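What follows is a pair of complexes built around chain A, which joins chain B in one and chain C in the other.
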Partner chain A sequence: MKRSLYDLCNSPGDIAGIRMIEWFCGYALNTERWSKDLTDGNCTAEYSDEIDGGVALKTGTDTNDVAQIDQNFTWQYNIKGCAMIFVAKRLASAGSRYDIGFQTGYPNSQYVAHIRNNTNDTYYRLITSAGTTSNATDFSIAEDNDFHTGKIINKERSVLGYLDGVLEATNTTNIPQEVSVAGMGSYEPFLKCTHNASAVAETRVTYLEVWET
Partner chain B sequence: MRKYPSLYEHLNGGFTTVMKQRFVDEFSGATLDVTKWGFNEASGNGTRTIDQDTVDGGYKMITSSSNSSNYMQLKGGGGTIRAFDAESSAFIAVCRAVSTSDVAFYVGLQEDSYFAADHGSNRSNYRLSHRNNLVGTGNTDSSVAIDYAWHTHSATTDGTNCKYSIDGIHQCTATGATLPSDGAGHLEPWWQVYTLNSGTSKQCSIRYFEAWNI
Partner chain C sequence: MVLKQTLYELMNGSFHNRPIRAHMVEEFTATVPNITETDSSSDLGAFKAETVHGSAGSFAMTDGGLRIRTNTGAAKNRIGGHYNKSFNSNGCVYESVSRTDMDVSLNQGFGDSTAASDQPNHCVSLASYSSWQSDDIANFITFQCQSSTSPARGYTSTHTGVRTTLAPFHQKIEMKGVCNDLSINGTLCATVGLFDQSISSYTRPHIQAGCPLTPVITAYHNYTPPVVARNCYVSYVECYNT
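Moving on, here comes the complex of A and B:
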């Protein structure tokens, strides 16, 4: 029986919300979809010429360099009802980390929900923040340099973090959902590579899917 | 009731499996997606465009009439981004030759080395063509006669066996040193249209291409 992609991901009668599917594969990053936020000219966000290279977010060597891509202030995802699934890895480098998830636009992305893989932590973590207060919950998986599948589900009163099919963390406090700030807006996806040592940090992402739940 | 909420989970039976790199293009819309494909051409001035006025038309390339061996090719990495494993990858594509003489196409994964479906109006059957640029080229015939209709071509390689199917039916398996190898370089999506010794333009069309690492 022939089916549609729509039918695969939605139940009969559903009116689907917005969905984005990004394969990060081809000739060049689609800059009509993605905005590059690079702290300086030594940071890059380009496709990698390697097997499973995906998009490579690469910093320079200045402390706290950031190589990030996001949707340039396009906030289409409901804070209380959206999800993300991604495949990413962080290359071995001292003081490097990735943060992949959701951010709001107000103020200065202090309302966030994302998964962190950081050489300075012991484990992967689910990070949420409601303005000036944040909450970091350790996964059971040690930080590493392998590809994993991450998943984040934003619910009415909680944020769920998964790795490779297993629920690893649930944050119910210090989450963007618990506050209401005028003009805070909704979510956009972001992918961020940071380093805080004198070495280049690099993160590879080969898939990202974001949808309203 | 849906089984999974995401395309990822449908492709992978959940998300316990870490999916490898994948490339998808449906060749639909106003123009070719140049973030996916680079283009190059032998001397000449062939034309190429989304087939805007044909149902299921996809994307067409028409070779130059000024070059009797003109070729035009799309490379899903522009010749510089090679994300696919020469010893563990696959592709599936829907394409056709439109002109009915002196026309040929390859569709598959390539970058010097390649494995690809091979149509040539000067031959009897479709075939699997494969090349290791450190060794040489090989060809293995299918049982499907050359024609000018749409077909679904697919192939998968593990570096030892390269299996080719047309319209979902396995046709042949190639083996040996002329298969692509990691030592000979990684691969990118590839569709090439070319003229077989003719002074007239030749057209082929494509409407779907997908590749993935296994």
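Moving on, here comes the complex of A and C:
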């Protein structure tokens, strides 16, 4: 090997922070890395037997079913300095959505930063929340059912949301960074598929990269 | 602590390109193989172990990576993605670093059924090293593609002219819309499935367009009568859709 991956990804002298790569490809989801948080037995989170299937987060047909995976109880990422890249798509289904990003706890974390693709919205959105107050900023890209590359960067005083390499939204208020709550801890990545109609919702994720900046 | 570049950018060139698709990397470095030998919902592993012929095949980590050991006699032992077929025959790549022992054939690439002894659709290299054949003809790497459907049903094996040795080698299979290529140690050495415009047909068997595929690695003991089990070693596998 001419150069190490570390050399390629970092500048000389850098001490890299924590980083993870997940391909979501192969025989079985690594459940030593990912916790499945499923509403009930009708929801699943398994690798898909399809070309570019990735991990399929699939709900049942009960309203507000959730199919989610996250690193439950392992909050390793600094709220004021971490980032994520993911490749995902939401399959067409009434009332379905995905939320992919960071949270400080599960379930119903009040401190989050994530990108949402929702049939009930007009556009993709960056959503942040600092306790009881949240902030949703529309992207310029309409919600759809295609694969896109999402990127979230958490800075000390802002959260940036990208789609396919373009900065689409910047939240500077109602972000987890602006509060200090005892026991709030740090971030964990989460991937969540939900629907609010009586139909199956499904999200496919083929790549995830998370690191501290 | 600043990440100068992301792995995503290094692999995909730019965020403005088509989003990266199915991709897997397995380096087979651990105390136990990253494979499962059962088939239940709680299984882990990048690969599923498939002992498809015989019952004494085994898997273990060694200094040379994953060891795939066959049963004695004419027996096959295999790992693959089992029912998860994420790769597209119109555009995917299989790369590996591996080596074989005597009297065993290391067959690897893509297939559409890891559980079947003979996969209906496959595109694999066969690196066979036989110590017992007097004419030495088996000791070359061949490239084999098979399709189960028209317009190019059947299979063909193309002699690469590259000798099999007992040393580790790198191979790369590139499946494209018009042909499939095999490179050994960085040199293109075989192409099958070229489309002949003059007759508007494939000249060689070619896997059906868009066929879902999974990586497949098979150790095939090709020496009978049974004497001893034989080994193949795999230290790196990378697959991706292009």
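Heads up, the rule we're going with is that the second predicted complex is superposed on the first by the 209 of 213 C-alpha atoms of A that agree within 3 Å, B and C clash if a C-alpha of one lies under 4 Å from a C-alpha of the other, contacts with A are read in each partner's own complex, and residues count from 1 in each chain.
Assume a residue touches a chain if its C-beta (ideal position, glycine included) is under 8 Å from a C-beta of that chain, and two chains touch if they have at least 3 such contacts.
Predicted model only: the values in this text are computed from it and were never measured.
Undergrad: Label the relationship between chain B and chain C on chain A in the superposed model as either fit or clash.
TA: Aligned on chain A, chain C clashes with chain B.
Undergrad: So, A:Ile85: does it touch chain B (first), chain C (second), both, or neither?
TA: both
Undergrad: By the touch definition at the top of the document, which applies to A:Tyr27: first (chain B), second (chain C), both, or neither?
TA: Touch partners of A:Tyr27: chain B and chain C.
Undergrad: Does chain B (first) or chain C (second) touch A:Asp49, or do both, or does neither?
TA: A:Asp49 contacts both chain B and chain C.
Undergrad: Once the shared chain is lined up, is A:Glu212 touching chain B (first), chain C (second), both, or neither of them?
TA: In the superposition, A:Glu212 contacts chain C only.
Undergrad: What part of chain A is shared between its chain B contacts and its chain C contacts?
TA: 5, 8-11, 21, 23, 25-28, 30-32, 47-54, 83, 85, 87, 147-149, 151, 162, 164-166, 206-207, 209, 211, 213
Undergrad: Can you tell me which positions in chain A touch chain B when the two form their complex?
TA: 5, 7-11, 21, 23-32, 47-54, 83, 85, 87, 147-149, 151, 162, 164-166, 206-207, 209, 211, 213
Undergrad: For a test of understanding, state which residues of chain C touch chain A in their complex under the given definition.
TA: Residues 1-8, 10, 14-16, 19-26, 35-36, 41-48, 80-88, 210, 212, 239, 241 of chain C touch chain A in their complex.
Undergrad: Please name which positions on chain B make contact with chain A in the complex.
TA: Within the complex, chain B contacts chain A at residues 1-2, 4-10, 14-24, 33-38, 75-78, 80-85, 186, 213.
Undergrad: Give the list of chain A residues in touch with chain C in this complex.
TA: Going through chain A, the ones touching chain C are 5, 8-11, 14-17, 19, 21, 23, 25-28, 30-32, 46-54, 81, 83, 85, 87, 147-149, 151, 162, 164-166, 206-207, 209, 211-213.
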